[in-house]
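A, B, C and D are the chain letters, set down in written order, and residue numbers restart from 1 in every chain.
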Amino acid sequence: MPLMTPEQYEESLRQLNFKVYLQGELVTNPVDHAIIRPSMNSVKMTYALAIDPQYEELTTATSHITGKKVSRFTHLHQSTDDLVKKVKMQRLLGQKTAACFQRCVGMDAMNAVDSVTFEMDQKLATKYHERFINFLTRVQEEDWTVDGAMTDPKGDRSLSPSKQADPDLFVHVVERRADGIVVSGAKAHQTGALNSHWILVMPTISMSKEDADYAVSFVTPADADGIFYIYGRQSCDTRKLEGGSIDVGNSQFGGHEVLMVFDNVFIPWENVFMCGEYEFSGALVERFAGYHRQSYGGCKVGVGDVLIGAVALATEYSGANKASHVKDKLIEMIHLNETLYCCGIACSAEGYRTASGTYLIDLLLANVCKQNVTRFPYEIARLAEDLAGGLMVTMPSEKDLRHPEIGKVVEKYLRGVASVPTEHRMRVLRLIENITLGTAAVGYRTESMHGAGSPQAQRIVISRQGNLEQKKELAKAIAGIKND
Amino acid sequence: MPLMTPEQYEESLRQLNFKVYLQGELVTNPVDHAIIRPSMNSVKMTYALAIDPQYEELTTATSHITGKKVSRFTHLHQSTDDLVKKVKMQRLLGQKTAACFQRCVGMDAMNAVDSVTFEMDQKLATKYHERFINFLTRVQEEDWTVDGAMTDPKGDRSLSPSKQADPDLFVHVVERRADGIVVSGAKAHQTGALNSHWILVMPTISMSKEDADYAVSFVTPADADGIFYIYGRQSCDTRKLEGGSIDVGNSQFGGHEVLMVFDNVFIPWENVFMCGEYEFSGALVERFAGYHRQSYGGCKVGVGDVLIGAVALATEYSGANKASHVKDKLIEMIHLNETLYCCGIACSAEGYRTASGTYLIDLLLANVCKQNVTRFPYEIARLAEDLAGGLMVTMPSEKDLRHPEIGKVVEKYLRGVASVPTEHRMRVLRLIENITLGTAAVGYRTESMHGAGSPQAQRIVISRQGNLEQKKELAKAIAGIKND
Amino acid sequence: MPLMTPEQYEESLRQLNFKVYLQGELVTNPVDHAIIRPSMNSVKMTYALAIDPQYEELTTATSHITGKKVSRFTHLHQSTDDLVKKVKMQRLLGQKTAACFQRCVGMDAMNAVDSVTFEMDQKLATKYHERFINFLTRVQEEDWTVDGAMTDPKGDRSLSPSKQADPDLFVHVVERRADGIVVSGAKAHQTGALNSHWILVMPTISMSKEDADYAVSFVTPADADGIFYIYGRQSCDTRKLEGGSIDVGNSQFGGHEVLMVFDNVFIPWENVFMCGEYEFSGALVERFAGYHRQSYGGCKVGVGDVLIGAVALATEYSGANKASHVKDKLIEMIHLNETLYCCGIACSAEGYRTASGTYLIDLLLANVCKQNVTRFPYEIARLAEDLAGGLMVTMPSEKDLRHPEIGKVVEKYLRGVASVPTEHRMRVLRLIENITLGTAAVGYRTESMHGAGSPQAQRIVISRQGNLEQKKELAKAIAGIKND
Amino acid sequence: MPLMTPEQYEESLRQLNFKVYLQGELVTNPVDHAIIRPSMNSVKMTYALAIDPQYEELTTATSHITGKKVSRFTHLHQSTDDLVKKVKMQRLLGQKTAACFQRCVGMDAMNAVDSVTFEMDQKLATKYHERFINFLTRVQEEDWTVDGAMTDPKGDRSLSPSKQADPDLFVHVVERRADGIVVSGAKAHQTGALNSHWILVMPTISMSKEDADYAVSFVTPADADGIFYIYGRQSCDTRKLEGGSIDVGNSQFGGHEVLMVFDNVFIPWENVFMCGEYEFSGALVERFAGYHRQSYGGCKVGVGDVLIGAVALATEYSGANKASHVKDKLIEMIHLNETLYCCGIACSAEGYRTASGTYLIDLLLANVCKQNVTRFPYEIARLAEDLAGGLMVTMPSEKDLRHPEIGKVVEKYLRGVASVPTEHRMRVLRLIENITLGTAAVGYRTESMHGAGSPQAQRIVISRQGNLEQKKELAKAIAGIKND
C-alpha cells in the first residue's frame, strides 16, 4: 500500500542513520531533537493529509506507472489539472503548518528529472530515464520523502565551478568506476534534508564543457556513507529549547535548512541520472526551478492565510478591528496574497505536455509568480507588523506570564478587549512574530526571496521568455512602421 | 450564417439611425466621422478575427442554443475552457488594436443576465430567462454587437437613487404599460455604444426596496426613439481631424465613451429582464462586474504588449537598448503585464457552473485581477515614459516633418541610430504618447482605473469574498487558541 | 530699476525677432499665438510676484554685485537661506500657475556657470568668470529672462559626440575667429526658450579630449541670426485654439518646449564662458543638474498642491468626500507631495559655499530629490485619476455645455451635489485632466521624469556621492571585522 | 562639570535600585546581565561621543540656562540649527551602534514639556514651567539620562481611558495629597528605561474632561518605590547568553523595551508638570510625537548606513558585487535611506520658535518623515535580504565554526571570494540578520513602524496639517471657479 501513516513515516525516519551537527554538537536522533522535531512534524502533515478522505482529491493522485493511488508528492503531473491540484495542495499544507513542509522540492525535482532524462535518452541513447522510472516506482511504493538538492555553496560568484579556488564548492564527480561514481562537494540551504529518505542531487547552474564534471545528477539514501549535515541556525531557534508553547509562536510546525556535505560518496550507476552531459544541465535547472517557482504560488499563500488570520485576530483582541484603516490593510493583505495565488494557478493552468508525457508549467508565468513572491510576502509582513502593534516585540516572556507573582501583572496590563484572555492575545502576537521575525520568517521571507532562485534569476528567465520580438512587431503594425 | 464579415458589420451600422452630439454638433453618420471611426475599426477587428482561421479557436465558439459556430462575443461560457479562451481572445484583440475594442461589455452583460434571470425565474416564477434566451438567439444569429450599459451618472454619491434631487440621475421606470415600460435617465461612460446594434441596460448598484423602480434591466435597439448620445472628449481627440498618420499615434484604432440619454424610451415587455426585483440587482451587478473585471486581465495585457514592444523599439532607435537599466525596466514591464495576465487566467480557470449552466469566474480572483489593473498599467506607463525619453512630448509635429524646408531639420535632429529613419522613431514615440497621454490613455489608464468599477468597489468584494473567518480559524489552530 | 513689470516683460518680448515654426507654419509673434501665450503668462507671473510686496521676501534678493534688489531668478545664491527661499519661491509659482514657469533653468544655469568659471579661471588663468559677471550684471539690471540650454539631441545614445554620424547632433564650435566663435547644432526640449531674452548654452555631458569642440558654453540673444525654433507638440495643445475656457483645463498658464537650432551662429568672445576646456564640462553639468534637481523639489510640489486641491474639490462636488478611502487617498497625495518638498528643502539647507562665494546644494540630496520626483508625481496623478472618476475623460465638451439644446442635458446629467453648478464640476475635472493627461502632464509627468536628467542620471550621482566606503567601515566596526 | 564619562555613567546606573523581571527571574543588577548590557552600551556611547572632541559640535550644546556646555540630549533646542544638529547627532549614533541608543525619547519629552508647561502657566497661572526648569537644570548638571514615558497599555482600543474595564490601563492619579500625588498604571514598550536615571511621564493621547485624571505628567527616579519593570523579549535575545560574538550579529550594542509598572507611586508636587489640565494633553502629545518623529529621520538613517555597508561587504565577500543589479539595489537602498534623512533635515530646518523660546520642528514635515520611516526601512531590509543571499539564515552556528572537526568544513564551504576569511563573511551576514530579523530588527523594523506613533497617527496629523482648504483655493483660481 503506497501511503504511509504519519506514525509509520516518523518510525521510518528513526531507522535512518543520520549524522548531524547542530550548534557544535553531534545529534544522533534528529526526530527527537526539540529544534528539529517541528520540521519533521510539517512533513508528517503531508502524510496525515494524504490519508484524510477530506483532502485526498488534492493530496493523492493515481500513479501513471502502476495505476495505484499515490501521494501527490511522489506523482508525475499527467495534466494541467494535476498541476493546479499541486498548487492547491500546497496552499492547504501552508495553512495547516504555517511553515515550509519541505516535501515539494523532491516532487519538483522528480518531475524535472523525468522529462529531461527522457529527452537525454532520446537524443543520446542513454538509459537515464529508465533508471529514473525504476527509482520513482520505488518512491511511490514506499511513499518516501525525497529531498531535491540543487544549490551548491558556489564560493566566488564571479567564477565558474572549475575556476573556484576549491574544486569542491560545487558538487562534482571525483572518480568514475565500473560500478558507479564517487562524488564530493556540498549542497547548501537544504530544506527538509533530515526528514527525507533519499536525496536527489541536480546541478545548480547551466554547465559548460569545461565544467562537465559538475553536470551530475543522482539519488542517494539520505544517510549514505560519507554524507553528513550541519544544521542551519534560524532566528529564535533556541526558543524551542525553553519548554513552553507560547514564545515559540508555532509550537508544532517549522522548517529547516542544512548544509549537506558529500565526502567521497559512492553512487552506483543505477542511481545516476546525469554524468557529464553538460548540455542538458541548463534544461534541468530551468525546469526544476520552474516547477519550484510555481510551488511558491501555493505554499506561501497558505502561510499568508495564517498570517492574515492571525492579524485579524490580533486586531479583534485589541479592539482595533473596526477602524477603517485596519479593515483596509487586511483587504490589502488578502489582495496581495491572492495575487500570488493567481500566479500559481495561472502557470499551472497554462502548463503543457513534455515529450515524456509529464506536464510542465508555463515557464514565463511561473517565473512571474516567483518574482512576485520575492515582493508581496514582505509587504504582507510589513502590514502585519503595522496591525499587530509594537507589543509583538516588546511583550514579556511566557515565563513571566507563568510566574506566580508577576504573572498577574502581565495578565492585567497585556489585556486588550476585556473578554479575551490575555494568553490568547499573547499567543496570536507570538505567532505573528514567528512568521515575520522568528523561525518561520526564514521560510516566509528569506525562502520567498531566494528559494527556487534569487530574484535576478527569475528576471533572466522573464527576459528570455517574454517574447520581446513579437511585441515589437505588434507595435510596428500599430505605429505604421514597415519592416525593410 | 451567424458570422458577419467586417464589411457587413460596417454596413449594418450605417443602417442605424443614431442621434449623436459631438463637440456641439449633431453627427448624422458616426461611422464616417474622423473622431469616431477608429473606434468602429476596433470593433470591426472583432469581426475580422472571427472569420480568420488562424484565430477562430479563440474568437468563435459553438452555441449551446443552436450548436452553430458563433462569435465568442455572443456566446455564453459553457466551461472554464471557454472562460480562459475569452481572456486569450481579449489579449489578442488588445494586441491587434492597442485600444479598447468595446465588444466585451455586452458579452459580459449577457453572461451575467443569463444566470441571474434564470435564478429569478426559479425563485419568482417570472419569464425573464426565456425572454433573454430569445434575445440572445437573435444576437447569435445576427452576430450583433451589444453594448452593456450599467453606469448611471449617479449625481450626489452620498445619496441613493430615489433620494437624488433629480430622479433621472439613475435610469428608472417612469411608466408601466400593458405592452411594456417607459424608462428615463442616462448611462455614462458608455464604451462603444455607437458601434453597437443593441443596448443591454442593467442597474448600476444593489437596490433596496425604496429604489425598486431603479431595479430595471432591458434591451433596446441602439437607435430607438428617445435615445440620443453625447460624445465624450478624449485627450488629443482632435488630432484625428488633422489628416496625418503620425501625430495620432494609432491612426487606425481607438475607443470611445458617450453619455447615453434615455428620454422616455418605450421598452416592450419581451425586452425586459428585470423590473422591480431589487433583491436580484446586487447579484446582477456583482456578476457583470466580475466578468468585466476578468476581461481586463486580457484586453489591457494586450495593449500592454504593444506598449512594451513600442518602448523596446524606441530604445533600439535611440541606441539606448544595451544599457542594463533599460533591459531591466523592460523586464519589469513584462513582469507586471504578465502578472495581470496570470490574474485573468486564474479567475477563469477557477470558474464554476451556475444554475443556468453558464460558467462564472471566481469572483475573488476576478476582483483581485481588476484591482491590480488599477495599479500596474500606471507603473508600466511610467516606465514607458522613462525609457521613451522626453522627446515623446517635445517633438515637432508631423506637419513640421512634412514641411518642405523645416522637414529636413526635423529629419536631421530627431535622428537616433543613423540607420533608422527619423519617421520610424517619431511614429513609435507618438504611439507611446498615444497610450500614455493621448486618446488611448483613456483606455489604458482611466478605464483600467474605473472601468468595471473603481478600485474601492473591488476592495469591498475582496473583503466579502476573502473568507477572513476561515483564516482566523487557521491561525487559532496554529497558535494553540481554543475556541470557547 | 532692476524689476520689470509683467507688462514691460510682455512688451520686451514683442521687440524680439523670433523665428518659430509651429505645426508647419512660421509664427511671427509668439506672444500672441494662442498655443504659446499661456507659457508666456507663466513667465509673466514670475515678474508679477517679484513686485508683489506679499511675496517679495521669496521672489527678490539683494544682488551681491550691486547691492540692489533683484529678481531671485537673476540672483546668485549667497547662503543656504537663499537656496531654501529659491525652493519656496518655486513652490509658490507652481501653486500660482499649475504649470512650468520656465525661468528656473536660466537661474540654475547662471549659478552653475558662476562657480565653474571661477574655478576654471583659478586653474587655467582664463577670463571666463569676469565675462560671466559682466553678463550677469546686465541680466540683473535689465531683469532678463535667460534660458539655460543643456540638452543636445544626442543621436545614437551609444556613441560619443564626435562619433555620431552627424557632427551637429551635439552643439559644437565649427570655427574659432579673432572676434568670437561660430557654433552649430541644436538643443532639444528647450523649456521657455521663446519667452527668454537670452540663451545660456552649456555642454550636456562630461566631455573627453576628443570631444573638446563640444565643450562649449556661451550666451546669445534668443533671436540672434542663425537661431530658429521648432515648437514641440503637447498633448491636447490644439484645445487652446478652440476658444473656450473649460476644456483647456488651465486657460491661463502653461509651459512649452522647443527644438532650438543653431545654424552657424556667431558668438563674440565676451559671451563665451567655456571653449574646449573639456575637463570642466563634467563639473558644469553636475552643478547645473544639481541645482535643477533641487528646483523640482519646489515647482512640482506647487503643481502638486493645485492637483491635490482640485481632487479634493472634485470629491466634494460628487459627494464622495466623506468616504474613508477618499480621505485616505488625499492624505497619501499630501504625504508624497510633502516628501518631495522635504527633499527640496533638505538639499538646500545642507548646501555649502563654493570658491566663488556662490552656494551649491548638497549634491547627494538634490539627486535623491529628483529621483523621487521621477516617481511620486506619477503616483499622485494615479490617485488623482482614482478620485476624479471616469467622468474626467468621458465628459462632453464645453461646446456641448454651451449648446442651446443639448447644454441642458449636460447640465442635468453631469450634476453631482445638487448645490454645485455643473460647470464648476466640469472645470475642476478638466483641470485634473490637464495635469494628468493634457498639456500640463508634459510638465507634471514627463518633465518630472526627464527634466534635469533622466532617472538613471541621478542614480549614477547617488552611487558616486553615497559614500559606500564609509558605510562599509561602519559595518566592519559593528560586525567585529578587522581590516588587514 | 556637566558631562559624565562613559565609565561614570555605568557606575551611576549601578547605584540605582532597579527591580526588573526578565524571563521569569528577578534581576538585581541589569548592567551586568548579558541580555541587557548591550543596550546599556548604546546609551554609554552617547556619553562617549559627548566628550570626544571630534564630535562635540554635534553631541554637545550650550545650555540656555547656565551657559555651560551640556550634552545635546539634555538641551532645549534654541534654533533650527540646534534641531538640525540633533538629527545629525542621531545619525552619527545610529552609525556607531547600529541600534537604538534610547536617549532621544527623554530629550524629545523634555523639549515638549518645556513649551507646553510654559503655555499652561501663561494661560492658567500654574507653576509647572518653573518646576520643569528646576528639574532640567539638575538634569543638565548631573548629565542624567531621562526616559520619556508616553505609551500606556491602552487595553481595548475602542474605549477611552475611563471606560476601560480596568482603570489602570492608562496611568492616572489615584490620590491627590498636600505634598504630592499618587499614581498607578503602566507604560508599555519603554525604550531604555533601565538605562535611565529618571522617568518623565506624559499622557499618551489627548484627554477629554471625563478623563482628566489621566492627564498627568511628572518625573520620578527610575528606581522609585512602587516602580518595577518586566523586560520585553526580542527576537534572538537569548543568543546573547551563548557566549560568542558572531551569532549575535552585533556583540556590543542593542536596545530594549520594558513594561514599566507604577504601583501606587508617590510623586511630590515639585515633580508634577500636569495634573488634570486635560485641554493641554493634546498639545503635549503632538509636540512630543513631532520631535520624536523627527528623531527617526536621524537614528534610523544611521542604522541604515550600517546595513547598507554590511550588504555592500557581503556582496564583495561573495564576489557578486560587480553585477549591475547588485549595484542598482545598493543605489536604491542609499536613495531610500537619504530620502528619510531629507525628511529629518527638512522638518528641522523649517522649525520655529515657540513661546518659551524652545524651537519646535515643522509638524507636517516631521509626520511625513515618520510616515516614510514606516515604509522605507522595510524596503531597505528587503533589498538587504535579497543581496545577502539565503546563507544569512541557513548558516551553521558559531559553535560549528569553532568545532575542532566540523569547523574546517564550515570554513571550506562557506568561503566566498577566496581571499576573504570565512569568519568575516559569517560576521557580516549575522549583522545583516541581526538588523533584519534579529534583536536589532525590533529597532529597525518594528520601532520604525510604531515608535513615536503608529502609521495611522501620522496620517491624522498630515490630514490636519496639510492645509487642504488653501489647496482647494489654488485649484479654484486656476480652474476659473468663482467662490459664491
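Throughout what follows, a contact is a pair of C-beta atoms (placed from the backbone, for glycine too) under 8 Å apart; a residue touches a chain by one contact, two chains touch by 3 or more.
Since this is a predicted model, take the numbers as computed values, not measurements.
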{"item": "Of A-B and A-C, pair with higher C-beta contact tally", "value": "A-B"}
{"item": "Homomeric contact chain A-chain D: same or different residue positions, threshold half", "value": "same"}
{"item": "For chain A paired with chain C, centre-to-centre distance based on mean C-alpha positions, whole Å", "value": "51"}
{"item": "Chain A and chain D: spacing of chain centres that average the CA atoms, whole Å", "value": "38"}
{"item": "CA centroid of chain A to CA centroid of chain B, Å", "value": "40"}
{"item": "Shared interface positions of chain D, touching two or more other chains", "value": "325, 328, 459"}
{"item": "Category of the chain touch graph - line, ring, star, complete, other", "value": "complete"}
{"item": "Touching residues (chain side chain C, partner chain B) in the complex", "value": "21-25, 151, 153-159, 164-166, 168-169, 186, 188-189, 230-236, 238-239, 247, 257-259, 261, 318-320, 322-323, 325, 374-375, 378-379, 382, 385-386, 389-397, 399-400, 402-403, 406, 409-410, 412-418, 433, 437-438, 441-442, 445-447, 449-451, 454-456, 459"}
{"item": "Complex interface listing, chain C residues touching chain D", "value": "84, 95-98, 245-246, 249-253, 305-310, 312-313, 316, 327-328, 330-331, 334-335, 338-339, 341-347, 349-350, 364-365, 368-369, 371-372, 424, 427-428, 430-431, 459, 462-463, 466, 468, 470-481"}
{"item": "Chain B contact footprint on chain D (complex, rising order)", "value": "324-325, 328"}
